[in-house]
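Common to both upcoming complexes is chain A, partnered first by chain B, then by chain C.
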Partner chain A sequence: MNDTKNQSAWSRWTGRISPTVVFLLPAIALYTLFVVTPTFSSAYLSFTSWDGVSDKIHFIGFDNFTEIWNSDRVHNALKNTMILTFALVVLENIAAIALAVLVDQVRWARNLFRSVFYFPVLISGIVMGFVWTIILNYNFGVINRMLELIGLASWKIDWLGNPDFALISIILSTLWKQAGYYMIIYLAGLQGIPQDLTEAASIDGAGKWQQFRRITFPLLAGSMTVSSVLSMISSLKIFDQIAVMTDGGPGFETETLTYIVYKVGFGELRQGFGTAMAMVLFLLILIITVIQVKVLRRREVQL
Partner chain B sequence: MYKGKSAYDVLLFIVTLLIAVMFFFPIFFNLMSAFKSNSEIMRDAIALPTSLYLDSFKYLLTETEFPAAIVNSVVLTGLSIVFMVVVIPMAGYAIERSSAKWTGFVFLYFLAGMMIPFQAYMIPLFKELKMMGMYGNLVGPIVIYVSGSVGFGALLYTSFLKGVPREIEESAAIDGCSRYGIFYRIVFPLLGPCTASMVVLNGLGIWNDFLMPMLVLPSGKPKTMIVEIFYYVGEFSSRWDMIFAGTAMSIVPILIVFLALQKYFVKGIATGAIKG
Partner chain C sequence: MSKKRILQAAAPAVALTLILSACGGNNNNGSASPSAGSSSPASSSPAASPSASAPAKEVTFTIGYATGDPATKQAISQTIEAFKQAHPNIKIKDYSETTSASYLDWLKTKDAVGEFPDLVEMRDTKVFADSGKIVELPSELVGLFSNVPEVDGKKYNAPLTLNAPQGIIYSKKAYEKAGVTELPKTYDEFLAIQEKLKTSGITPIVVGGKDIFHMGFWLNKFLIDEVYASDPDWNSKRTAKQVSFTDANVVQAMTDYKELFTNYVDKGWLSTADNQTASILVSGKAAQLFSGPWMFTQIQQADPSFEFGYYALPDREGNVSIVGLPSPAGWSLSADASKDPDKVAAITEFIKFFFAKEQYSKYLQTVNGIPSTAENITYESTEQMKDVLAIMADPNVKKSLMINNWWGDNQIPPQFRNWYYKLMQDLVVKNGDVAEYMKKADEEYDTEVKANAQQ
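Then we have the complex of A and B:
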């Protein structure tokens, strides 16, 4: 009895509110509470010396940002982040276009190849980092073992322990992990290019390379905008691989901005400074994305 | 003419095959090493296992807390996805099918969230979770995952719904079906492929996530598979066989899900890519 009474009260109540509001309310509430609110708190905390534990939060004005501006450690991390990001955006896009063209052109086992190139995307950064740590290990690793087998033992390198090679090792293993993702975007782009364009060029006597260079590549500009913006954002945020493979080392050779946010905020309990770093990172992502989209959009043509 | 064409095809196939072998090698290396003893791995990393060595799996599953971590990973991924499927499709539907101005603003508000990196708000977020009693249990991560997926989810569903004709909904409305009924009985089933894309892409992200569960789940207790693997790399730095067994257990389920549901991964990425 009571049940049906409640039911009708409920439906009378919901009847008065537009279903649109009811459908949107949970998403708005969750997103506002757990994404937007903490982002604004972050902006506030970046002006404090909060340690993450105590109740007292001291407002210190721009001190954190002055420290960021003057810190050698941050400059070094910024340099590493920029090298890493630039190298990854360029290499991932070249590799992805190459893979997409191969998968698109190959006559046999096309779906199998597409899956295999995509497999590394499925693997967590932690697992991938561990596997590559072993592959790159100085004494027992796969790469050095292969060098031994082909008689090049003197070329053996301590890939992750040598300051000259640690960042390169992280770049190449991340390239392996991510290329397949952007390949999917370029494949979608390739499928959008009408066949008659390349056929016409072929009749006019253009070779395969000419067709790619003059027709396919320019028409992939839209995919390239998307793919390079996404790879830029994910490279700026790179974290898991570094945590497993080098922990920012040797020394500070592979420390990036996201890694400092984590180290300073949770290792050294300087969360005010950590949020300030996070804000800088956020602004950096925002600015680079806007510039990148502006520049790349200019290359795009409408079919 | 024909002969030249087929030589080109064979060459292309061989090149693609060689690259595919290089791409697959690290995964193969991981799965293979899980069945080798530690001394076998150290002796020759690229040799195939001589026998099916299962001790590292046995050790992981009986002597460590890895089974509890597996349960956590499964529960966390499963529950987060269930809540996403409850919250996100209806929000996307409300935005796409409404002509009101305010829903347009809500859409932009959601999309803005896709630009905010997790690191930018994680520190105050953890403080907030502590105040609400969601820190140190599975509730916190679930809430974070569902909230964090609103932006991408709204984009995915609105672009999919543009291709779903309104006529079916209109005729159902004429037949006296309520807006709720229209959504749950008619639209939601039609959204199946889109929901599948969201589930596989977000499910993969949650299963593989590291930083957030490591920081939010209580210390001293098993966390998720990926977090435990990270700890093992530090603790058992000389027991590679065991870590390989752990990583193999985290990889195999995703490989199976991927092979079964490939097209939803591909569609999800392509849809997300249209707008970026």
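Then we have the complex of A and C:
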């Protein structure tokens, strides 16, 4: 009697659960386990002095955040992150638009050009870092060897060891790697621009530059929103290249926020402090992304 | 048409077969046969006599060690191979990898991903002992060594070698060309030689500054001369805030370092890795290298005809102080591995094998090391190595340690070393004011002492 009652209660309860919820449950469980839980535990760890190794975790209040606020090293990393992000977002988008327009207009071997420019994207950041480290090496690198061969040995530069050039070298090598990715997004955008608009402009006497300036560029706004946001997020998170090419050096010159989080958390055994910086970085990315999306959305044109 | 189709279908199949057979081949060659009784090349190995205490069943343990120095890496991997051949039932999984990170960073990352090696070359013994990651050395192994330094009264390490001194490794040809006929007796004479070398058109010194540990050779040379030679307890006094990095002796040490690096070091030092220094030396791009005897093999391999000498670098008064005291570093057993008696037996067997006379002498010859064993080990040494051994045996030469190798009360916060070396890179590249930079060092040291006290 009781069993029947229980069964009907169970079936009534399950009947009320939508199949959608049932299908979502495994994903929610995994997401909670691997994303939500670590996020909340990180928030807690950022208020501790945990070294990342021992079992003892001590709560130290806002000490980590006070240190972040006062630390010259963190300020330098923040400055580098901002320079890298701004330079990469601008340069990657300019290079990607230029490549997309060129590749779109090329009459022969179009697929070859697309593949060639996209190829660096497929290389991992670590491999790319090693390749460029060899190219830029002071004593054995191709660039300095070429300078020597053409009699300009005095122009040789320690590209990754000189603080004036280390960050620039990282920016240019990352540009080389990433521009192809955004080129594909812009190429897709170019395919969506109706031919009749450019034809009409052409009949009206508009030159190539005017057509690009007045038609193509405004209609690429959607692609630009996507590219800019993606490029900004990946630039704020830049890590592999720094780790391999400079290890944040010379000195602390090329440290970025993500790299300092790793260095402090793992290398310097201050996981609590590193986590606090990760929280700051998270907030920073969130704020910048929201602002960027709002600004860029205004530019978009609905066809 | 059908032929083409057959070919198209057959090609991937053939490729797959080749790949699979290659994998099979590797398995056969790479891993030890599970059957201890099967015939193996073990009998041909000179040190191949599995002891009776070796576990008979199949055991696997993992190993991790620093790979920054190619000679040491080569010597350890050769010993591992010899051990695997001699003990077919023991498998060793080598976690070591070449990275651009410092060894502490690498080990900490391995720990974070749950791959802390069962047998690990330990350099920051106190950090990992305090966190319970490593255990004391099995008592039967302690007796193998002449001296095992203690951390908080416990012995954790099987020292790979005794600490060897860094000195100037110089090109005889470059010295001759620059008119240098006599080795320097004081630091000022050494500087005069640098000027002569520079005038002769060669870069005086190559430095592998991309590797943080190589930076340490030079920085500690000056710190030992000015600080540790006269005050071995300076670190504990610094922790107690009785002395400061801004004191005249430390400022003098770092001023000497800055002047040397600004005037006489290869311009590309910050992007030169330690393992590139031998090539730069033998190719005649630089005349000298400041490093230890482990570089001799690399230099000889890079150019067997290259003529070079070695000497310890004196201070301004002509005193010679070198790195040479024992410090708590070497093979350590992980706490996880210590819970498995079979692993402990296998690792104990490996350590005995590693330090057995015949095997250890080969290791020492490759790395030009100074034996740490109680048993007297001899090996055929080169002319340069004889100079190193003579310096080590000289009672007038003071023995000291690098800033991070002191232990007990003199242990510095483990994270300080890398930070300080980087700060010193910054000092040179930004042409900074030494006293100002030393203030930063004081602040960071105190912050780290405070952070560690909160653990």
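General remarks:
We take it that the second predicted complex is superposed on the first by the 277 of 303 C-alpha atoms of A that agree within 3 Å, B and C clash if a C-alpha of one lies under 4 Å from a C-alpha of the other, contacts with A are read in each partner's own complex, and residues count from 1 in each chain.
FYI, a contact is a pair of C-beta atoms (placed from the backbone, for glycine too) under 8 Å apart; a residue touches a chain by one contact, two chains touch by 3 or more.
Since we're looking at a predicted model, the values are computed, not measured.
In the superposition on chain A, A:194 contacts neither chain B nor chain C.
Contact with chain C, but none with chain B, is seen for A:67 once the two complexes are overlaid on the shared chain. Judged by the touch definition given at the top, the superposed model places A:163 against chain C, while chain B stays out of reach. After overlaying the two complexes on the shared chain, residue contacts for A:138 are found with chain C alone; chain B is out of touch.
Look at A:266: by the touch rule set out above, it reaches both chain B and chain C. Look at A:28: by the touch rule set out above, it reaches chain B but stays clear of chain C.
In the superposed model, A:51 makes contact with chain C only, not with chain B.
Looking at the shared chain after the overlay, A:253 reaches chain C, while chain B stays out of its contact range. With both complexes superposed, B is the one of chain B and chain C in contact with more chain A residues. In the superposition on chain A, A:207 makes contact with neither chain B nor chain C. Put simply, chain A uses residues 52, 133, 137, 139-140, 243-244, 266 to touch chain B in one complex and chain C in the other. The touching residues of chain A, counted against chain B in their complex, run 19-20, 22-24, 26-28, 30-31, 33-39, 41-42, 45, 52, 99, 102-103, 105-109, 111-113, 115-120, 122-128, 130-135, 137, 139-142, 145-146, 176, 180-181, 184-185, 188, 208, 223, 225-227, 229-230, 233, 236-237, 239-240, 243-244, 258, 261-262, 265-266, 271, 274-275, 278-279, 281-282, 285-286, 289.
Across the interface of their complex, chain A is touched by residues 100-102, 104-105, 108-109, 111-112, 127-128, 130-133, 209-210, 212, 266-272, 276, 279-280, 285, 414-415, 418-419, 422-423, 425-427, 429-430, 447-448, 451-452, 454-455 of chain C.
Across the complex, chain A meets chain C through its residues 49, 51-56, 58, 60, 67, 133, 136-140, 156, 158-163, 243-244, 247-253, 263, 266-270, 273.
Touching chain A in their complex are the following residues of chain B: 8-9, 12-13, 15-17, 19-20, 23-24, 26-27, 29-30, 33, 41-42, 44-46, 86-88, 90-91, 93-95, 98, 100, 103, 106, 109-110, 113, 115-125, 127-128, 143-144, 146-148, 150-151, 154, 178-180, 183, 204, 207-211, 215, 226-227, 229-230, 233, 240, 243, 247, 250-251, 254-255, 258-259, 262, 265-266, 269-270, 273-274, 276.
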